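The first chain written gets the first letter, and so on, giving A, B, C and D; residue counts start at 1 in each chain.
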Amino acid sequence: MAIYDQSYTPWTGTYTSRAARIRAMVAMELAQPFKNVWVLVSVLMAFSLVIGWLLILFIAGSSQVPLPFAFGNRIYRDGFYNFPTGSSFTLFSMILMALSATVGASLISRDLRHRALLMYFSRSITRVDYLLGKFLSLVLFLLIVTLGPGLLLFIGQLGMSQERLTFGQRMGDLGAITLHSLILTVPASALVLAFSSMTNRTYLAAILWASFYFISASTSEALRFTLRSDWPKILSWTNVTAHLGDLCYAVRPPPDTIRIPGAKSILPVPPAILDCGWLPPFLLLTGLTALSLLVVWRRLRSVEGEE
Amino acid sequence: MIQAALGFAGLTLRGLIGGRRATAAAVLVLAPPFFALIASMFGKHVDPVKLFHGFMFYFSLWFVIYLLSLIYGISMSIGEIEDGTAGYLYLSAVPKWLIVLIQMGVTTAALSAMLFVNLLLTGLAASYGRELVPNLLRDVVSCTLVGGVGIAVSLGYYVTCGLTFRTPTGALAAALFPTFFWEILVTSWPMKFAEYTLTNNLRGMLLPMVFNNSRGPLYRYVVNFHLPDYGEASMFLSILMGLFLITAMIAAMNRSIEGKEAR
Amino acid sequence: MIVEADHLNKWYGRVIALNDVSMRIEPGITGLLGPNGAGKTSFMRILIGLMRESSGEMRVLGESPWNNPKLSVRIGYCPEHDGFYEGMTGMQFVTALARIRGVKDPVAAAKRAVDWVRMAEASDRKILTYSRGMRQRIKIAQAVVHKPELLVLDEPLTGSDPIVRQELIGLIKAFAQEGGSVIVSSHVLHEIEQLTRRIVLIHRGRLVAEGDVGQIRDLIDRHPHTVEVKSDRPRDLAAALAREPEVVEIRFDPSAVWVRTPKPDAFYSKLPRIALDAGAEVKEISSPDDNLEAVFRYLTET
Amino acid sequence: MRALSELNVSIPQGAVGLLGPNGAGKSTLIKILLGFTPPTSGSVRVLGLDPRVAPLEIRQQVGYMPEVESHIPSLSAVDYVYLAARLTGLPHTDAMQRTHRVLNFVGLHDERYRKVGTYSTGMKQKAKFAQAIVHHPKLLLLDEPTTGLDPRAREEMLMLIRDIAHGKGIDVILSTHILHDVEVVCDHVVIMHRGALVAQDKISNLTASASAAYEVRIKGDRDAFLASLKGEGIDGAASDGDGGLRIAYDRGTAPILRAAVASGVQIRRLTQTHTTLEDRFSKLIGG
């Protein structure tokens, strides 16, 4: 008879790389939000926007009615990411805000509340790894609800659009939605993490982020109204992200004419949301992202050594 | 009993100051005057009345009241339960429904006071370097009254959420999602439902009190729906206020304060 | 009867915290004893009216505690976990709680309570700065500030060092001597023993036993014990022990003898005599079965 | 504030107890060893490495069990320990195997799939212990591992630590203010007070010169027993604050047994302890 040792046994083996450690952290964090029914509901909401569009496309396609609104890449910019166009509160950015508030706000505040940082930092990771892990997990989660529906729409349009496009144009669209998704998710994630690291009460972090979002929007709105000028638009989070997102599609303007018989006209392209090109908003977002990450980093440094 | 009730009022007031939430509230209260000041300092051809009304309309009476009541509504219900202090409160000479009533009454009054400060400062900031906004005090007081109703209604809803849900995240989600999708999105959409949002009712009440019943550019967004007039709005809001007050009291009467071991 | 529980149940979702608990508690000090997670806290929280039972009935001082503020002010409660308004001073905290419980002169009452727990010097400092022992004492001060008839203390002695523990025990006893009733929970038998002889055992949400400490100790002797005796001459000792009728099983190795006995009481009485007669030097006597945990095992697993 | 001052200590291999009252600087020392906080002045070597230079390498070979809860309540014990293993750098398969192995070892069986947030204190401590050993550290730092545990859970935890500290190739530093824990687990003890080293030696050395004492738990008439002890010429009997008696006497157990026979009480437990360590330690705490 052979008896095998069931007690503690030593382990020998090779350690994985730091990247693999961060990946493990991301995988764990990514699995968390889907256990929450509210989060699932809003993820479904994001996808249902797209599914609605695909239905419309399908019906229009099968009855040979061209939809001017869906031509070019306007289906992404006006129909999905920036819908409803021109509003200071686009539906999609609200969904994103609510999702990042419920999912992201707990990421660091929960570790602060339960002192889990001690466990993390007694492991073979640095502060930067930790920060990167949390950041990536939030960005990836938000990409699931931004790029995910975007890709679905892209594939649907591939099959049902009544427009003939070259391969280059298709790839241009793909690049544009990817870029647009990143613009929507990356700065938001950084900001949420910053708020999350400021307090050990998750709900407060979420409220802080929501406050930031709405204050930026309403300040811009109120200033625009009172000053009767357009520059305060840049103060609004929604406007900045929507504007930069819109610019992603500028490579491929919608066709002037549509060759399909029966199509009468094309809706005019709405003017740019901000009249300042891409640089100022881009700098603004980059600056905010960098600042937020710096805040988190500083905060982690002060927390790590604490009792 | 009366003394105990007063004790609650004192305790609630104490809870309003101190901690991160007070900082957040202070930021919320001071942000509009700050931006208004910047606008009136650096803006050219600024009309103080427009500036003041714009901030009041888009800022104080829209976000500030909801976010303030959200912060305090959540922290005075599930927040206290989570921190372990609710156990002390609910072992008192005062029935739970009355505790909630006192807490909500005091908080509403205090938040209205904050709103008053906020509006007054905004008005003063808007008049910086120019003549004072005419009827400033009248506008501030009437807007505070209207805003107070909004605070009472939303506070009632948030406290109900905070007392019904078992975790702060659940309560927050239940509070955030409907409010913001309903109040923020639907309010300015040209659709029929828009007349049933809290915000549009508040704005309806504000119309005769501040804007002399003339729909200026601020009300231009009202398309395809009927803006409730003063009577309709006050009726709607009182019903809502009573409803949420009652649900909050019922929730308090039924809430078990569990220890940490339950989770 | 200060507490009467009748078929009390409490569930959290599918987790059961209390399972059909019926008991009566008389005035005086009563110890609620059970390991971590036995359901002591749930029982206490139902008792003071913070939680509602899932089914069954609880009566405290003749009334139902749920949503009963008149009863609430007759009970003082000291929770296990720390939850304070950290920004308040100890005095402010106790005064505020005295006020909401309808005490006539809250400031004087708070002062009395704070003095009573010997926190007078520190009472003007913020709770934020308090040490563990001070937090424990301020919790007790708030529990007695409204002169309750019944004091409910959840694990008041856990984690405090021996000096603080003795002080707290003194306070609790003093409260009982002035005519109050106390229900105190713990997971350590001798902590409770210093306070009272009346004990209720709870394990896995069930009432396991109740009675006098002596009876509980007798329970320990009602089940078989394995006794380890370390000695220089285990062989001789084993031979002597083997003659005793109480011994059913004997093992030994060069350093110790293990004896299994179904009658521990009789066995322990004889053991010193036998060892002396056998001329063996006893180095140690110990038994894994001579403690409360063994009682829980014995009572719940058979 | 100065937490450690002029501390010169070299901690040998094996199971070492870091003993001292609260605020003695034990936690600070551990944090310096892990590289969380750099020492204001002076130098440290852990397993031959400098924590300021190579904290990650050290942490791969060191397991740490913090005093505070430090868990993630929404994760199951399996996920929690697995995450800890992955963060140290174990590959997926190894991490999964090790996770289940150490959870078995610490005695978390069916509960391992439950959320850690729902655990009792004892189970939480076990999960914390599991995450500290999952990567097979060379050195295990345990900060007050027995706080808040009921007696049974405490013994279980001490047995686990003793088991891991002997014959598994893991050195243990056990920081605690409870003497009993050190005596059960460790071979070596480092006593600290107010940030300074007070004593450091093998436990056997510290106790060898000591006069022995006996801890006795009796059932029966305590006063009669004490009187009989006096009759046997033993005076130094005192309550040990733990429900038993401490008898300072070192010439065999026979007089104690005779006293028990004479007074008719039962001896339920009789163990030998050592006064010096106890005395030294209580002097420190008192002073």
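What we mean here is this: a contact is a pair of C-beta atoms (placed from the backbone, for glycine too) under 8 Å apart; a residue touches a chain by one contact, two chains touch by 3 or more.
As the structure is a computational prediction, the values presented were derived from the model and not from experiment.
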Farthest chain (mean CA position) relative to chain A: C
Contact-richer chain pair [A-B vs B-C]: A-B
Chain centre separation in whole Å, for chain B relative to chain A (CA means): 29
Geometric centre distance via CA averages, chain D-chain A, whole Å: 48
Rounded Å distance, chain C centre to chain D centre (Cα mean): 24
Per-residue multi-chain contacts in chain D, two or more chains: 73, 118, 120
Multi-partner residues of chain B (at least 2 other chains): 261
For the chain C and chain B complex, residues of the former touching the latter: 12, 15, 17, 37, 41-42, 45, 48-52, 67, 69-70, 72-73, 75, 77, 79-85, 87-88, 96-97, 99-102, 106, 142
Contact footprint of chain D on chain C as seen in their complex: 15, 35-37, 158-159, 161-162, 166, 187-190, 193, 217, 265, 268-269, 271-273, 275-276, 281-287, 290-293
Chain B - residues contacting chain C, complex: 1, 3-4, 6-8, 10-11, 14-15, 18-19, 83-85, 87-96, 253-254, 256-262
Chain A to chain D touching residues, read off their complex: 6-18, 20-21, 24-25, 28, 32, 35, 110-111, 114-126, 304-305, 307
Touching residues on chain A, where the partner in the complex is chain B: 36, 38-39, 41-42, 84, 87, 89, 91, 94, 97-98, 101-102, 106, 198-199, 201-204, 206-208, 210-211, 214-215, 218-219, 221-223, 225-229
